[in-house]
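Read through the structures below before going on.
You will see two complexes here that share chain A, one where it goes with chain B and one where it goes with chain C.
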Partner chain A sequence: MEHHLVLRVVSKLIIPPILLFGLYVQFHGDHGAGGGFQAGVIIAVAFILYGLVFGIPRLLRVLPWRFIRASMAAGVLLYAGTGAASMLMGADYLDYAPFGATPVEGQHLGILLVELGVGITVASVMLAIFIAFAARLPSQIKDEEW
Partner chain B sequence: MIMTLIDLALILALLATAVMMIRLRNLFAMVMLAGVFSLLSASLFVALDAVDVAFTEAAVGGGISTVLMLGALALTARHEAPIRRNQLVPLGVTIATGAALLYGTADLPLFGDPAAPVHTHVAPYYLATAPKEIGIDNFVTAILASYRGFDTLGETMVVFTAGVAVLFLLRSARRSRGEVSGPRDDAPDARSGKV
Partner chain C sequence: MIAGATAGFIAKHLPVLVVLVPLMAAPACLITGNRHATWAIATLASWTSFALTVALFIRVAGQGPLSYSLGGWAAPFGIEYRADALNAFILPLIAGIASFALPYARGSIGRDVEPRQQNLFYSALLLCLAGLLGVTITGDVFNIFVFLEISSLASYVLVAAGGGRDRRAFKAAFDYLIMGTIGASFFVIGIGFLYMATGTLNIADLAHRLATAPADRTVRMAYGFILVGIGLKLAMMPLHQWLPNAYSYAPPAVTAFLAATATKVSLYVLIRFLYTVFGLDDPFEAQTLKLLVMPLGIIGIFAASTVAIFQNDIRRMFAWSSIAQAGYMLTGIALMTPQGLAASLVNIVNHGLTKGALFMAVGMLTLATGTSRLSDLRGIGRTMPWTMAAILAGGLGLIGVPLTAGFISKWALVSAALDAGQWWLAGAVLLSSLLALGYVWRIVETACFGKADETRVIEPVPLAMVIPAWGLLAVSLYAGVQPALIMEGANAAARSLLPHLTGVGG
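The block that comes next holds the complex of A and B.
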């Protein structure tokens, strides 16, 4: 779709707000609607839009395949690691109380970490599935085919 | 009154979308209508005060699924093949299933019924203790990430496993056909796929 000037300009305009909104949903999930899952999807959407308009090779120059694949596991490891850390600090698995000076502070930090883990895994899995599909397509689909 | 009208309008729009999806043969239009369907159900979830669910439905059902379906569609035909078989048996199965579901809903508690099992089990405990124990404003997040942390860990694992499975399937299919255009581990720049 690289010849679509309008698409290119508009997507360049809206990708930064999408990313910002994704981060807002990620880190404001404690106080409003949303959380790691929704934020991960929104952040993946920003990159998918970039890949749709500018092509998968350019997307993979922004986010190398190796990085996407590693992030898929890194999110789960961050989540499970938070649980392991709480066990090492003497509490039950995934009991965040020991992370802070008070149990409530610990809960805040623990929730932030596990939501971040969810967000990282969801974003990279969505992106990986999209790329796996898109990379099988013929290099250019004609507009008339739709 | 106004909420009833909004609910009614949304449900009627959902029905119309579903009927159009059944009648259409153009798969591209169908994928788009599926996105519309998701967005309408997300609005319905907002009307039912389930904003977190609505958010997920709008982002996943209306956004990602549509893109992935389009990606799959680009690899296959654009039109559904006409059906020539006898459709009486599928019709009977559908009507029977629909009747069973309608019969089942008769036993469900009314929406917002304070005596419903879902409101008398652990929900009062969470509502009473979450402000003291967790101290965050969104109860959904408090329950998902802390009280039900194990479940959410399992869900994250499911997403991860699904991603791994899709990558295995799509990559092995490409290998057996001897193509090299997709993402590969050893040559990250040897790609030409473009949408």
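The block that comes next holds the complex of A and C.
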């Protein structure tokens, strides 16, 4: 990728806004359009773009494989754990009402946590699928052949 | 104090805890990484959920149906988990088989999955378990689809795990994936039609609305799609092609687990849809059962048993026998009497126990000798008498010899057929036992009367495989000697589904 100055500079310029937009979609999900699924994909796209331009080995230095695999599970655990927490606080599974002073406040916090879990899992699963396929290429296409 | 509070907590959340324990243990296994620790987590989770399912069964038997609304949203709008006499009867089978399969997997999985990937294997097994339990306990048809997909996707991975030893497992898993996905798509299309016709997804609400409204073409389309979709999942005769390969090439622990649970849960879903949701008041639905499912079941019994006789691979032979057994269960369902339904339910449990034990014993045989081909196993009965005795005991159960669990289920089916005046069906069931005798005899003949190969190397079988296999076999033999508990559970379930036909039952 040594020759692709334009690609490198442009992708470095747009990766931070993509991440920022992903976070916006993530946390704005309960006010407007958005939520964990969409945000997860957008955040994964930022890293996939990085991997496409700078290569999988450098992507894996930013996000080690162990970390990706652990966060796939961590998102599910956060979701299920939120439900378990509501059970421990005396409500039904995934009933977020006891999380806040008022039921509405509790629902607000609960849905935020659950959506965060969804976002983490979706982002890491998208990345894992991309890396699983991309890392199988026997030898990457040489720079001179671009 | 704390014990009392815990008991109260468990009692309050029992229906959801049954699914939640394996569902949360699965990602925990993925994070843990260490294969010994993951095995311990997985085994503990399956035993816990087995204990919970037994508690649920006792509670439902004593106090009647139990409803739990997820997220605090009340039933027809929110997702409801509902345990009644039918699914509380099936749940302990699923979790119980998993409780035997996990210790067994510890002894056998080293052959198929390399050590650093074993946590992924246990994770997939727990997800499959959680999915199957979820399908069974939920009272929401779309939730059934979601859990069916969780369990199916996990089971494709589990079948493909056999690829480390035999690469044909990959193709078997791929075929299973394609057929299973087609089945799931048909199923969800059927649910879509139901939603179109009624505007609800809750099973009890669906049953109520379909009972009061005249069945129109939309409902009949839903019926057709769901019948074919679930038929694929349970390997109903012309839709069974994925099964022999999947069972033959999966790791032994997976074959034992899937053969005893996955198709059984699909049968449960079929029973739930036919008897609770559709209710079979519409002549179209009843006639389809009588004129399509019944003949397919009988063709399945005879064709699959005949194919089993000519198999050289012992695992494939028993896989075909599973297709034949699904035929028995379908004919019982298609009788549309409480006795027939009870016979199918008894067969679901008894065959699950027998086939689980049988595939475990066969797994021991293939691990010790390195082959599952009958032509390579001549005279194996003299070198491995105990393992062959276990296989023979399971095989006698498949034939339906008295004092085995298989006898109880065949007896129930034959008497149900006679009660319904279908003497020819009773005759067919008895006649088909001869075919089962045919394939079991082939194993006995090869193992006991063949000339032993002196150069054969027999590897020691780990105790972690021997104990679960014999344990499960003991349970299945006990179910044959003391059938009262299973018969009562099945009769109660059948009566609860067909209240307007309160026959004597069994």
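In this text, the second predicted complex is superposed on the first by the 139 of 146 C-alpha atoms of A that agree within 3 Å, B and C clash if a C-alpha of one lies under 4 Å from a C-alpha of the other, contacts with A are read in each partner's own complex, and residues count from 1 in each chain.
Operating definition for what follows: a contact is a pair of C-beta atoms (placed from the backbone, for glycine too) under 8 Å apart; a residue touches a chain by one contact, two chains touch by 3 or more.
Since this is a predicted model, take the numbers as computed values, not measurements.
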Output check: A:87 vs chain B and chain C. Expected answer is one of first, second, both, neither. What do you get?
second
By residue count, is chain A touched more by chain B or by chain C?
B
In the superposed arrangement, which partner chain does A:108 touch: chain B (first), chain C (second), both, or neither?
first
For A:57, decide between first (touching chain B), second (touching chain C), both and neither.
first
When the two structures are overlaid on chain A, which partner does A:72 contact: first (chain B), second (chain C), both, or neither?
both
So which positions on chain A get touched by both chain B and chain C?
69, 72-73, 76, 80, 83, 93-94, 96
Which residues of chain B touch chain A once you look at their complex with the stated criterion?
28, 51-52, 54-56, 59-60, 63-64, 67-68, 71-72, 74-75, 78, 132-138, 140-142, 144-146, 149-150, 152-153, 155-157, 159-160, 162-164, 166-167, 170-171, 174, 179, 181-185, 188-189, 191-195
Counting only contacts in the complex, chain C reaches chain A at residues 9, 13, 16, 20, 23-24, 26-28, 30-31, 68-72
Tell me, which parts of chain A touch chain B in their complex?
1-2, 25, 29-38, 41-42, 44-45, 48, 51-52, 55-57, 60-61, 64-66, 69, 72-73, 75-76, 79-80, 83, 93-94, 96, 103-104, 107-108, 110-111, 114-115, 117-118, 121-122, 124-126, 128-137, 139-141, 145-146
Chain C partner contacts - residues on chain A that touch it in the complex:
69-70, 72-74, 76-77, 80-81, 83-84, 87-88, 91-97
